[in-house]
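What follows is a pair of complexes built around chain A, which joins chain B in one and chain C in the other.
And now, the complex of A and B:
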């Protein structure tokens, strides 16, 4: 063959080889976009290697408001599934994003839109008429439900069901992932031994009905470990919070929050309010002030120094602090920080 | 570069919005700089923001958003009680897939007062406009004949007081500080075609008006004292100028935020003034600078994945620096030649 011909053949061969070695463009991976990072963490686990998950939030910001960036407008355009926390947490920006990206697959009401609040345990559902003068009250209840591990467990199942519906061929895989997630969560909540002896579902049922201790004793008392064991000694203790976003965690682990720094949800405390709170903290001997990382520390620091409290800054979402990398370590972090603060 | 290619469709509408904003703002900016009333933009933008803040607080009183939490039948299905959950969980080991709780993926409708969103939106816009026009009137009336109190002082005072009042009012509204920030930074990434269209129509109308009265306005801009002596009713023309300015700014701040609007107004005009004397060439130069700045800002936002409004402002700032440097170099060349 002449030189030019050889060159042509070589180029063609190399070109075809290159094409063949290009990774199959993840055509089978489902593209999932969530609003908050806790949902993304769960979706990542349940979706496994069959889903590409990203979240619109970073975890470090106030979940009610998101700064617009081009990258996620694009990701949302190509998404197959959109997952939101719901209960109007994202009401400030969800329609802006969904309308702006013009993706018909994920509009509200389509199969590609998932509200993960279906089936979760809700707290603070208003029973009477509410309006803006009461502050930022969500009419469907407190939307920060992901801070109860039980709800994370339910959400995993909800997401799994949705993934199965969208990709029925992988249903067995997703169901297996959901079970694995639930098992890991249960073990972190109750400890490996208790779960092995009684089973995660049963342990939760017993906890909800208040019959956990009795059942543990009856079955040969495997020791409780994990989050519940760590927080048990602190049940009934009082703490203050900045905003009413810790209700679910507090409810699950038996803590008591007499009041928040904010006089009404979403409205920063006025000087008069701060004085009131300081007096309350002193009167009730409250030692811990819990706040999410996205609030400024000025007011909490003032109140804490005047009333002799410790300020505990905790990530409310994965990504807000380095220790909180996913849904499990999120709770590890809160449990560790709180128990340390109470222990003092 | 793939990231950039993917970004482009998302940036088309913001680009169109920026071009529409630039069309009128560059022209107004030239007047504003020559008159030495740079901060009139901030003062009027802040008045508009104050109007929006007042509307936010007042609207729920006029159209109460009473929300009835149990008005839609999905509530019971969607929200189990603890004991219901306990029963389901107890069954989990025995029949893992026999759960009956409603995870059908059906999204419940937001209970938020859907009927009143439109009224609130229109009311907010009307109030912004009203307050901006009030600010415009204050500004034209507040120009003292003998400049006993410099006009710029009045402008600065209006700006600061409106800003402080906005903060006070929003401190009573939930998530008020986020709304303040949103007014400053804007949300140009989310702009839609109908907003661009409305803005375009309004600016077309204002543009025609200004073409009609350009002689008078230019006379006053060039020399206020002379115009006053010549018997021109300065206050009346000022009112017209500031009123049209208020109309322009209320629209653009709602879309792009105070900082972006200020940048579009001042920076291209400032760059133009460095290079030419004639009004016509200044306008063209300013438009060119605005387009280049827009492209750079949007590219920066896309490639760096950063908030679009702030990227635009940064790039406009960079444009000014570049122009100043070029000007200095050109000046040196001229001196070198002679």
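And now, the complex of A and C:
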């Protein structure tokens, strides 16, 4: 081999070696993997530029039926933190991913495993022995708690605390991000002026105690704005849902769901059931049918056409509809679509 | 403040006052009237007029300024008095105390329950393994007379599954199968193994009794197949229940620049399977499986695998060996937004075997290809084509054509109607061509298990 050739080969080898030893992009960032996109949206906000966040789900699928694809194991293999919704929402796939990924850092019980349901407000927690004759009932309560913005606020704090624990050097940054997230959420919920006047935490406390209106009047605060103000005129109105996955949203905004299309959670409605629902909707003069995007519209459209209702198909997770880009716009989208349907 | 700024140049107040004082002083000096000329008077008049004008201008200037100030005061008065910002810590504490109250008051009548209070009840059972029971019931009708399954209802298998973490490092999975054999119930250990989950270098060993990782269908339990029975290659080469045994194995996630799931598995199990025909426990089956998984899109995936197994087929501890190679290809499609209602599976395997026999080497092969299409939330339809030679007699072979319709009553129970036509060049119970109809009902009770992809 001639000298220039040898040099060229050497240069190439050294160059390739240098490339291989270069730190990968984002190598210093904390790697966070969440099961669902709502958790990813919050983790992304709280983690800011110090975390690289991805979600196993796309947001478009039924969160109960996510498959444990081996490719997910590869994504989780190098994660520093795994965040799940908990309350058995991930029971169909989580253990396979955690066992298959060979990452001891994120196993249940380790600091890298976070169940974000810790501390959230739960609904429909069974108070009696449950079995499968009742349908797909979750023993720890309804797991779709992220559809209560207050729970999103609590989860942001839980995630923030965990990030502080894993990277104490960035604790001040993460705490600031949690505050910024909560502030934005509060302003979207109650309006900027009410939050500036009374503080987000106080507004939530008053809402929970049922004393929000009195306190706002007494303090001479400006009228409410945001999601709450948009949904207020519809409080007490009835609507139907396909599956019992909107409980937290309807509870927070004071809506009423007399029944679902499914006779029991997870059991597809039979023709007889649909007839019952149509009669109920007519009798109660229910005008809105709310459903997640991952169900077929066949049964809802039939019920709606028979009972003169409007079907509102809505993203339950960021990514399921173009408008629902993150945790805030997820609620913007639901509130806009629902209030428009109620306003008809 | 820009607003109300006077545009006229103000007259310095000192200059006006000086002029006036000069004038008064000159009058008070007692100067004689004679000395005062008409010109002087005219000059004084002019001076006074000038002073008047200056005074008027000053007054106008100050009036304008006063008016501007008045306007500014009115505007400021109209604004609410600035208030102190709410103390963030304080308001957060208030919310925290309300959440605590809700927790202590079991939801405070709001139906909301924070924390893990509700899961306490489960704590009593938390040290027990997850226990599941799966029943598999089959009805069969065929034109054949005799054989294992012959025009009868058969409770084919009752599977008891136990699984739990053993300690922070390993988990155990145990499956006991209870079957009928010549009208007697027999219990046998289908699988019972420990998997070590926290090993370094992406390694995952397991020890115990397990279904070996040969191909795609062999490691799957009977009730989890999309067909009523295992494909013919599995049955003919490895026996009705497939290749399994006591042994050890280790799988390794192969690092690769594409971050693709590539898994390499090595297993060593006792040589007591029908294919290798060994009965000596000091002979082993050595098996290697390579699995490469491609995520083509959010909706579709492709898995390719290669398997190789070898073991002595006599008691000569390796003098005569059998080698088996397998290729498997699986394509799955399930669109995320419609995954509850639509999915598609195409799965194929090819198997080749070379057996050293006394008369020389016998080479045989077989394959299957299957499709399964979910066309509604509870319904799937599928077809399976089988071709298999017999491992020690390649001149004997069979083709089978099957079709299935499955009704998934719920995640925990399904019904399956199956038809199979088998065309053989050797007789089984006197028949070379066989038509079979199956009706299968499979149910499971116990905790919800994760489904392997």
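Observations, loosely collected:
The definition used in the following text is that the second predicted complex is superposed on the first by the 314 of 344 C-alpha atoms of A that agree within 3 Å, B and C clash if a C-alpha of one lies under 4 Å from a C-alpha of the other, contacts with A are read in each partner's own complex, and residues count from 1 in each chain.
Going forward, a residue touches a chain if its C-beta (ideal position, glycine included) is under 8 Å from a C-beta of that chain, and two chains touch if they have at least 3 such contacts.
Predicted, not measured: the structure shown is a model, and the values here were computed from it.
After superposition on chain A, the partners chain B and chain C collide with one another.
Judged by the touch definition given at the top, the superposed model places A:104 against chain C, while chain B stays out of reach.
Of the two partner chains, neither chain B nor chain C is touched by A:326. In the superposed model, A:208 makes contact with both chain B and chain C. With both structures placed on the common chain, the touch criterion links A:141 to chain B and to chain C.
With both structures placed on the common chain, the touch criterion links A:161 to chain B but leaves chain C unconnected. In the superposed model, A:113 makes contact with chain B only, not with chain C.
In the overlay built on the shared chain, the residue A:197 is in contact with chain C alone; chain B does not reach it. Using the contact criterion defined above for the overlaid structures, shared-chain residue A:125 touches chain B and also reaches chain C. Contact with both chain B and chain C is seen for A:73 once the two complexes are overlaid on the shared chain.
Once the complexes are superposed on chain A, the part of chain C occupying the same space as chain B corresponds, among 2-10, 110-118 or 164-172, to 110-118. Residues 62, 65, 67-71, 73-74, 77, 88, 91-92, 96, 99, 109, 118-122, 125-126, 132, 139-141, 154, 179, 199-202, 204-205, 208-209, 266-268 of chain A touch chain B in one complex and chain C in the other. Residues of chain A that touch chain C in their complex: 57-58, 60-62, 65, 67-71, 73-74, 77, 88, 91-96, 99, 102, 104, 107, 109, 118-126, 132, 139-141, 154, 179, 196-205, 208-209, 251, 266-268, 293-296, 320.
Chain A meets chain B in the complex at residues 62, 64-65, 67-71, 73-74, 77, 86, 88, 91-92, 96-97, 99-101, 108-109, 111, 113-115, 117-122, 125-127, 129-133, 135-136, 139-141, 150, 154, 157-158, 161-162, 165, 179, 199-202, 204-205, 208-209, 264-268, 270.
Residue ranges on chain B touching chain A, taken from their complex, read 3, 6-7, 9-11, 60, 64-69, 75, 78-83, 85-87, 89-93, 96, 99, 101-108, 110-112, 171-178, 182, 185, 187, 189-190, 192, 301-302, 305-308.
The touching residues of chain C, when paired with chain A in their complex, are 83, 85-88, 90-99, 102, 110-116, 118-119, 122, 168, 171, 195, 197-199, 202-204, 253, 259-261, 263, 291, 293, 295, 298, 301, 303, 334, 336-341, 377-378, 410-412, 445, 447-448, 450-453.
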